[in-house]
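Input: one structure, supplied below.
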Amino acid sequence: MAEERPAKWGLVVDLDRCTGCNACIAACSMENNVPFVGEDEVAYGRALYWIRTQRYWEGEYPAVTPTFQPVMCQQCGNAPCEPVCPVYASVHSEEEQINLAVYNRCVGTRYCANNCPYFARVFNWFDYELPEPMRSYLNPDVTVRRRGVMEKCTFCVQRIVRGRQKARAEGRELRDGEIQPACVQACPAEALVFGDLSDPESRVSQLARSQRRYHLLEELGTLPRVTYLKGVGNHGG
Amino acid sequence: MAVESKPLETVLPAAHVEEDPREHLMFDPRPREEMNRMIMEAMTTTSRRYWAWVIGLALVVLICLFGAWGNMILTGMGLAGIRRPVFWGLFIVTFVFWIGISHAGTFVSAILRVFKAEFRRPFTRASELMTTFGLAAGALFPLIHLGRVWVFYWMIPYPNARWLWPNFRSPLVWDFLAITTYLLSSTIYLYLPLVPDLAMARDRTTGWRHTLYRLLALGWRGTEAEWHRLRRAITIFAFAIIPVMFSVHTIVSWDFAVGVVAGWHSTIFGPYFIIGAILSGVAAVVSILFVLRSTMQHMDYFIRKEHFDALGKLLLVFSMAWAYFFFNDYLLTWYGGEEAARRILTLHATGPAAWVWYLMLICNVLIPWLTLWNRTIRRTPWAMFIITLLINVGMYAERYTIIPLTLGHQRMPFDWGVYTPRPTEISIVIGTFALFLLLYLLASRLIPLVPVWEVQEGQMAHTLRRVGKAEVPSVTELE
Amino acid sequence: MSEKITRRDFLKLTAMGAAATAVMTGCGPMSRYVVRRPYTQMPEYNQTGESTYYASTCRECPAGCGILVRTREGRALTIEGNPNHPVNRGRLCARGLTAQQGLYNPDRVRGPRFQGRGKPTSPPRDLTWEEAVQVVGSALQKPPERIAFLLGLVPDHLFDLVSELTQALGAPPPLRYGALAALDGRTTLLEATRRLFDTPALPYFDLAQAEVTLAFGADFLQAWLSPVTYTRAYGNMRQGNPRRRGELIVFEPRQSLTAGNADRWVPIAPGSEAHVALALGGRVAELRGLPVPEAFRAVSLEEAARVSGIPAAQLEDLAVTFATAERPLALVGGSALTQPNGLVTAQAVLALNALVNNLGQPGGVFLTPAEATPAPLTAVSDLVRRMQAGEIEVLFIHGVNPLFELPAALGFAAALENVPLVISFAPFPDETALQSDYIFPDHSALESFGYQRSLAGADRPAWSASQPVVVPLYNTRATVDVLLAAAQAIGRALPYRDEVDFIQQKILPLLNAGGFYTAPEILTFWSRWLQYGGWWTPAAGLPAPRSPRLPASFGTLTPPPAPAEGQFYLLTYTNHLGDGSGANRPWLQELPDAMTTVTWNTWVEIHPTTAEHLGLKDDDVVRITTPYGAVEASVYRYPAIRPDTIAIPFGQGHTALGRWAEGRGCNPAQILPAATNPAGDPAFIGTTATLMPTGRRRPLARVESKDGVYGEH
Amino acid sequence: MQVKKPWWQSGGVRIALALVLLILFGGAVSGIYLSQIPPEQPIAFPHKTHVALGAQCTYCHPAAAWGPNAGLPGISKCWGCHQQVQKKSPELEKLAGYVQRNEPIPWVPVAIQPDFVKFNHQPHVQAGIACETCHGPVSQMTVALPQPRQNMGWCLDCHQRMRPNDFVRLSDCATCHY
């Protein structure tokens, strides 16, 4: 049996490739049983996107151009959400080096969400029931959250765990690119790359060393595991 | 017992010289039995209006607080107006408000006791009750604001089948522990000086009141040894509870200050919150004293203009101190130079909800500074009532500025959001105010609201001595 | 005494508390016991708790992306891209990713029924499939020239079968129409390629390897032809080309997602694309030292600058950039085609590629096989005319929602009244289905067999296969089977046993056609076909267009009329809701529009200075009036649109189609003209509209913070 | 001392109070009791007999070896043997009935975890954990019985005892909760 090697999962977002099409949101929501909340609740800022594309405008007409930046949980190495949770529902995984959202432990203080500088966390304001037979598409690998629970991007930890179990059952190491979160898998522009940052040869590590790299709100010292690659030139960010 | 006589000028400010010292409670003694009777009368007299209030408030508590809360538990936190990114709203604002109010009792009875401020004597009990009931109302909010209140006990450290403990790094756990400690110690501190008065009441009542007071008076007989022990206990508690009081509001401020939220992440928050708490607490004491004085029998004997005057001076000082810390908050942010925090503070004054910020400054600074320097205003109870109510409105606005208005405009402008309170949370907040008033109303008819023995003790210590041609007030050091 | 009682009461209270706690926290698993029914015959490939994947084809738009549907215990869970598929290479867009919300939509039509056109005199009632087949059979027995089939853009196998059926009956061939194809300008592209290259075909632009791309109108990142293909190509153009980072220049009156991602967005006046393309072509020919073809002499650079509102210097700069680029590519589609000058634009831009010699080159233009192409709007209006004239006795409708998608000005609704028998095969109660006599619901896409063979995004010959991934949820039946059964019942049987047999016979020629797998006989081939999700050649390769015959003129040019005072050019465009069939997917509704972040509703985009001029604020409801009608929508002050243009997204404004679609926003088809361009595609561009504030406000559910992004409170 | 009895010492109130308490307490006790008894099964399947006859657990629950769920046998598996076995018993009659109607047997699994616990049999079987370790002495049971106190501490305790060096990974929240 191959020895378990702890991983340091990381994501690279190439903003020069990203078109802002939002397929990542759809992929994520369907994989992770993220409920839709309806027009009024979205208008009030209660949509439950685990990943959303921040769209700012640059320049003035006619040289105006949008900049797209998909933002999801940055899986900080030094995460502000973790120390403030009174019950360890927001907790660091030593094994995967990501921030876990343990739904069944959450009591719903929402402090983690206040303290997340990336606004990556969303809250189940209500129980969002799906009419029959829509519940049939719910992914059984992901817990359906009830009201009063925080949730956020998990890097599709269910896929990580499944992938590791599969590799272990077959007695081999994980291959680079074998595990892909739903957003990475769907991204039509191939702007998202996922992998193990502790392996210097992995594709994600190579991209994360790019000269175009930066991290969101780097000055806060949160050590995000998501690396952004700047758009090139003064456009197309 | 050292007896010292002081020159008149040091005891009373120059302005008081012409005043007859006999206007002061301490120099206007009445026979013990009469005073006891007055207190008993105040405690046992109820009017139709009183019961109407009790029933009304009880209904409000039942419907607005427990009804709305129950509905929110069953439906979801979405009934409150909180949203991404403003995850804390009125609940936490009101929580901090009540914790602030609860500082008054301890401040008045412990700090003023330690500093031997004699004017405190008639209203220590009234303010200690505020502490306990303020905490009772405030401590509900950490529960109310939980998304899943039915598993609140996971925050309590106890060995369990899950092998899990609370996260002691979390300020919410500190908060939980601090508030529990404070509630416990302030309740004991309320109870200790109550014992002789309960015994007094026990000896003057029959029926269920007698039974109740007999149980609560713990067999107090008033022997020298009992008095000695009581004094010791009160002194120990007075000193012990002061750090607890400071720690509680510091820890409440840490709920915010240890966060990475721009505008919260400030070292000044501990003292800033304590000063704010004392300001709002003392103001609330004045408001309550006015109500007691104008609604309960014989209270105009115990609570006099001199008390409003003294508390008014305190308020002025604390308002200035608060303004100083408010200014410091800006100073630190400017010096820290963080763009996000700077933007937050600018937005407070210019954003869509800037009126809250101006309301805070007007109520906390402008109004006290313009009025409280004036002796006549300080000695006009109804004016003081209005001013202190306004100060508490200002302090509420301060907490509102610090919590939802700060959370709404953090580092990622794309996700900014404006928070609007919704009926459910407003109703719950009103419900806790009703709860506080209800508890106070009930307590006012259950326990002596004025610590008779403390007043009597003070009156014994204060005497007018004839020095030459003048009558000079003098105080005997009791302990 | 009393003390004792107090103590005892206290103990009682404690016990009660403990008991209550025990009850409320739930000590045991009693409430959790559920009955499980194991398979009677456990399928070998199916394991409880393990996922099974089925390869199929996405039918949310006609691009035909390959999908892998993850199922477990007979339920379709998530949809992933098929990594081998030549169109999407494992990638997928939001529409495909949410297709299971169509399958499990609670508002589906659950069985054949008599619909009665929603008239109170003939209330709907359920039918059996035997009755349904009988109804279809007797309908097919009507005089053949009085039978009409109106089909959607998917699936191709149904179109093939109906073609054979109508041929056998002697009826006119089926019409294919879809708002997506119309807004793409597909017919115009087909006509342009026919004129220039002699082959009507949809062009395939090798964007990934192009180094300077001029795009006229085509929003290929979101809606045009095959968005996933082109988005992948876009990514590779930016960062996947080892030679250099590709540059993208887009001419559009309103910044679409594509223009938003461009290096340069040129806000061209609507309707002047042909002028610019011609002028650029002339200049490029000069710069490359070629004789300027006659057709390109029609417009000078100055005139183009005047008509389009682009400074001549900028046009010159663009011409130089394009002419001197290593691998230039010019791309055309969408709003550049759906206008009176559309056919000229299409020819001019395709010829521009010929000028820079990129036909069949890497980073150039190729032609995809164009079979089963959509009908032009002119053909549909012809059908409407015949319906109106009472020349149609039976109308079969499948895969299209003409009452929603067609411009209301065409008069389809009124014409439908004159058709005695309308049979819809819609799986959803859409507008048209509710106005039909019968609804005989087809399976939803994830329950059906089928194929797509015209894949505009494939870089090689390819067929994409569909197969059911779940057992049909309701009493639905494949339309192919219904038609085959009906034909048999009336004694006009086609030589196919059922749908699968039909598909197998149609794919027989692929057995040894050089695909990446071969098989000796159909059953082996069939299993591979289902396993891989289709058939395609192992190597990329599309025919290159032959060098074009450039006519002396591409056609007459009409300069766009400048809008009168108070009038604005009206644009409509498709976002992730597509042709509106996606509006009943709640997650597509919840998905923020890429450019505006608005969800769940329709908005009208107005330039901020125009809005200020008109005194309009965000979220003000305005009435948009054209000669053809009026709709109402909330204002979105959009900084990236020409001040003389307003734009409304297509896809909302349903009056039917289930709980999530109904009564939401407005349908711009209500106010679009029925005019066509010379190729027969609609000529929407150039329509002008007036704006009238209604005095009401309806806040849009936007995800962005107006305060944070625009600095407004 | 002549003190009037307070209302809460009056007999009626006390009896009423006692009744309320009794109901609450009784309800709690019976609730706890009900939660601990095994559910009714469609067929009183005798595990004991089958194990005694040498049937391996993974014969009927084969997926335990390679998948997350051990799986419940379908009627085809039961009938594979019982077609041959002539012995008549009422329970076998029931089985024959299901087979005849081609109906799945509506078993009620007893070894279940809540939705938020993602348990996978495969790694446990691979690590050589015997079925009885968690499922109890099935070889002595007729119908399977729920094992009490299969809570988180029980999982962690075993993880710590069996794999002390791997406990960081095996106590990671994401091992079971996501």
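Worth pointing out:
The letters A, B, C and D name the chains in turn, as written, and every chain counts its residues from 1.
One rule holds in what follows: a residue touches a chain if its C-beta (ideal position, glycine included) is under 8 Å from a C-beta of that chain, and two chains touch if they have at least 3 such contacts.
According to UniProt, the chain labels map to these proteins: A = 4Fe-4S ferredoxin; C = 4Fe-4S Mo/W bis-MGD-type domain-containing protein; D = Cytochrome c7-like domain-containing protein.
Computed from a prediction, not measured in an experiment: that's the story for all the values here.
Once CA atoms are averaged chain by chain and compared with the all-protein CA average, the nearest chain turns out to be A.
Looking at contact counts per chain pair, the maximum sits at A-C.
Averaged C-alpha coordinates give centres for subunit A (4Fe-4S ferredoxin) and subunit B that are 45 Å from one another. Each chain gets a centre from the mean of its Cα atoms; for subunit C and subunit D, those two points are 51 Å apart.
Mean C-alpha position of subunit A (4Fe-4S ferredoxin) lies 36 Å from that of subunit D. Separating the CA-averaged centres of subunit B and subunit C is a span of 65 Å. Across the assembly, subunit D contributes 6, 66, 114 as residues in contact with two or more other chains. Shown for subunit B are the residues that touch two or more other chains, namely 164, 211, 412-415, 417. Residue positions of subunit A (4Fe-4S ferredoxin) touching 2 or more other chains, listed in rising order: 47, 54-56, 88, 105. If each chain is drawn as a node and touching chains are joined, the picture has every node linked to every other. Remark: subunit A (4Fe-4S ferredoxin) residues 41, 44-47, 54-56, 71, 80, 83-88, 105-111, 113-115, 117-119, 121-127, 147-150, 217, 220, 222 touch subunit B in the complex.
Listed in rising order, the residues of subunit D touching subunit A (4Fe-4S ferredoxin) in the complex are 66, 114-118, 120, 122-123, 126, 166, 168-169, 172-175, 177-178. Within the complex formed with subunit D, the residues of subunit C that make contact are 2, 5, 9, 12, 15-16, 18-20, 22-23, 26-42, 47-50. Interface residues of subunit A (4Fe-4S ferredoxin), counted against subunit D in their complex, comprise 1, 4, 6, 88, 91, 93-96, 98, 100, 102-105, 141-144, 154, 157-158, 160-161, 165, 168-169. Of all the residues in subunit D, the ones that touch subunit C in their complex are 6, 8-9, 17, 21, 24-25, 27-29, 31-32, 34-36, 39, 63, 66-69, 71-77, 102-110, 112, 114, 146.
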